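Taking it in order: structure first as structure tokens, then the write-up.
Chains here go by letter, A, B, C and D, matching the order in which they are written, and residues are numbered from 1 within each.
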Amino acid sequence: MKYILLIDTKDEKGLIYKISKVLFDNNVNIINEQEFVDNENSKFFYRSEISGEIDINSIRNALQNILPLANIKITKKETKNVVLLATKEAHALGDILIKQYSKDLDINIQCVIANRENLKALVERFDIPFYYINADDLDRIEHENKMIEVIEKYNPDLIVLAKFMRILTPNFVGKYPNKIINIHHSFLPAFIGANPYKQAYNRGVKIIGATAHFVNNDLDDGPIIEQDITRVNHEMSWEEMRNKGRDVEKNVLSRALKLALEDRIFVYGNKTIIL
Amino acid sequence: MKYILLIDTKDEKGLIYKISKVLFDNNVNIINEQEFVDNENSKFFYRSEISGEIDINSIRNALQNILPLANIKITKKETKNVVLLATKEAHALGDILIKQYSKDLDINIQCVIANRENLKALVERFDIPFYYINADDLDRIEHENKMIEVIEKYNPDLIVLAKFMRILTPNFVGKYPNKIINIHHSFLPAFIGANPYKQAYNRGVKIIGATAHFVNNDLDDGPIIEQDITRVNHEMSWEEMRNKGRDVEKNVLSRALKLALEDRIFVYGNKTIIL
Amino acid sequence: MKYILLIDTKDEKGLIYKISKVLFDNNVNIINEQEFVDNENSKFFYRSEISGEIDINSIRNALQNILPLANIKITKKETKNVVLLATKEAHALGDILIKQYSKDLDINIQCVIANRENLKALVERFDIPFYYINADDLDRIEHENKMIEVIEKYNPDLIVLAKFMRILTPNFVGKYPNKIINIHHSFLPAFIGANPYKQAYNRGVKIIGATAHFVNNDLDDGPIIEQDITRVNHEMSWEEMRNKGRDVEKNVLSRALKLALEDRIFVYGNKTIIL
Amino acid sequence: MKYILLIDTKDEKGLIYKISKVLFDNNVNIINEQEFVDNENSKFFYRSEISGEIDINSIRNALQNILPLANIKITKKETKNVVLLATKEAHALGDILIKQYSKDLDINIQCVIANRENLKALVERFDIPFYYINADDLDRIEHENKMIEVIEKYNPDLIVLAKFMRILTPNFVGKYPNKIINIHHSFLPAFIGANPYKQAYNRGVKIIGATAHFVNNDLDDGPIIEQDITRVNHEMSWEEMRNKGRDVEKNVLSRALKLALEDRIFVYGNKTIIL
């Protein structure tokens, strides 16, 4: 059995020594180990994959004893449960479906919830439950509560917005802190808001991008996990930019998702530390 | 109705004038137009999308009259038929399946032929015929001939090797000149041959790539259509390089395929001109 | 002698036919030729390099006769004169100095004007006049007018802001429409204004960039010529981002400058068409 | 005073614990710390920047006592001395000159040695000694020995081949193990040997690159430090590829050089570990 150990705390002298002593004294095998010190804010971040005949509770207690103020998390390294939210575009959703199918992502998609119906056939071909929750005659909170009702049944580790084209309110977001990953179809902070490809086309940029980020209460303003870009030129209409951008979107989303599935992301303030 | 006009010929003075005169005199509407002159080899390449009340034959004849030595091709702009060959990996194949499903590629996948059986379920979920043609007890030519038998039924415009992990002989390749597109999982001409990710790992490169090319008789040596790369580092095993490389492979393959579906590729010698 | 022919006009049927007929009838040799039609705005852009025993005026007249509303420009293909403006950073300026020295850019740097003195020694090592025009006790207009006085002596084809860290007013900008190229140290439109690297650091982006653009009256809002990016991560301070970004800045600026030196850029609205 | 501590050794349980205990017991302040375990080869690599009232010898002894088989190196963090070798191209050399001038690299260029004379004026403008050592009437060993004679006077930390276009024999290379950095103008292992841009042009690749590597006895086959690429297309002659590639070459070389100047590179077998 493998475990992932995550620690973040105020930086101080000797942290690595103290942590490694506990692990050594408990005969823990360290498979790999990463750390980062934010000297500006005096913060320490640590991640390791560990194995061995381990009593998780006693290790956690020993660590907490020597680091009383630290956030310490030890979890089994295992497949995470994920609920996907989508609207009508197939590319980001389809990429994750194929990656679960081919085991290129270590993921268990519990269900897909969408506010349009057209992706139902695709999702069901992969034997995954599809919930069509139409938003048309509902206010935002009512619609969100219907989705929350489904999500609560599954109790996922992560919620992934695979081109879910609706704004989520604090009613929804507040329930799942640092658990919701969105893909925004621009190189944030450029082109926040609606139709970023049209904005990019109108501005005449030579490069477009996509951004995967955790969702907090401000639209398109959460901690960025991953970004990437592709070149465009004057010959392309905004629809061609959108089509070219879709490959970037899905690649960025699946890379960010992989980092989250592997417990590699610390959120600190409005930033991510990736170990 | 839109048409695509492709011309390649020896370069000479006034070619554009002569071509545009024919089009103008025939009242053709030019939607867009690209040309390229290879001054080193004195070769002229031309592509345009045209429309209007057009008598294709009379235009072709008029062009051929003024350019008697040119290769002139006028085709309706329409969805092309494609046969996919695969082995066992789902990523490149799956990406094309999703892109047909979502209409992100203007393609008609006629069937998938594979020398392993594990992709059958995935393909059939998309209602596409799947032919399992086992190579185990056949020599190369026998196996190819069984595939050719299926392909001949469909008479595709293109054959795409979506991680088809067998070498094709002149017996097969000679039948489909400039019609077979392969994705090779390295940045050609680096790492020709078997397991390029392991080769890349052993060489300690900092970037890996993928190459889409037409298949000719020399292994991994055909005209290159498209390439792309991604960064790797000392922390990655060759399996992790392979997994990261798969996104590059599928992106490169689908970009090359799009160019072929849009009749944008001229093959000249061992190179491609992309208009 | 080679010439560059630039045409932009309202799109209409037969433009290429008409242009190529004039060139053919005048026995002009076309070395290469590019065109672009903006179908959305019905605009036509054309660039060619031509040679031969040419009477430029008669060709221009003949073209203007058949295209009475077009902008037509024919210029000798020759080294352009450039004035550089800088402040205190050496990387972008130094790159252009080295590229003139090594003939990697076909450029004649007439002089460098700076509002700090520290680059004087570097510039003079390359035998280029250096004008130190301190802004400290001047208002914006006074400072600009002192620079304009120098620039007028040289009458440059282009003015390049190689990290000139002051805002230019309409008083200056209005004198040199589409002649001033700036390098902004962010991936516009993200991080407009002061210290974009610090803004990028604070936002926690995973990629930073640089943008070369023509300067118009709105800060950082002119037509974009070229952009590029580089990856950053949580380990980097904003100073490290700035240092890594400098290579991107200078590369982007010199690529944009090369396009301008080769007369490849059309400005249309707030965009560039690059042929 | 800051120091850099480098350790590499066979991997075993508790290494981090043992190292961090020594540092903790000696009251060392760890500014940052990176480690890497090559699980395949069971090798451990460690780098940290440390400070404090430190007795370097006693720390080194204490570490060596607990890790008797490890390679342990502690050096002051200070500007390194570098000798540059060049032939006739100015771009890579010029970039390093400008970066020393602007302090974008923490480097002390002791001298430049070239087998052509044309770079003399450029180098001397930066007040750096230039040695013109003509190879014309000498055999390889004689020419190398003349260079070695100069190099020995300076006793540099690193030797950088900034487009030095001659092959070095074991006579030279053997004297400076893991101290010679070369920039090769291709994406190795593609296009080893002479004129890689022409090779790339002939092969019709869509991307070209550059590779910085340590030089060992096999041509273009040493441990790779850094690579990067840029896109090319059918319109470009091999000279245009070369010109576009030069920016990549100089960027890659200066990034690799920065890593070496910061003592971040471990060489292990034919690979580099970069911490």
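To be clear about the criterion, a residue touches a chain if its C-beta (ideal position, glycine included) is under 8 Å from a C-beta of that chain, and two chains touch if they have at least 3 such contacts.
Keep in mind the model is a prediction, meaning the values are calculated, not measured.
Look at the contact of chain B with chain C and you find the same residues on each copy: over half of the numbers used there are shared.
Ranked by separation of Cα centres from chain A, the top chain is C. Across A-C and C-D, it is A-C that has more C-beta pairs touching.
Chain geometry summary: the mean Cα position of chain C and that of chain D are 35 Å apart.
Chain C has its Cα centroid 40 Å from the Cα centroid of chain A. For chain A, residues touching at least two other chains: there are none.
Looking at the complex, you find that chain C touches chain D at residues 89-91, 94-95, 98-99, 101-102, 104, 122, 125-126, 243, 246-247, 251, 254-255. Those residues of chain A that touch chain D in the complex are listed here as 13-14, 16-17, 20-21, 23-24, 29-33, 35, 37, 39, 231.
Every residue of chain C that touches chain A in the complex is listed here, in rising order: 36, 38, 40, 187-191, 203-207, 209, 223-229, 233-235, 237, 269-274.
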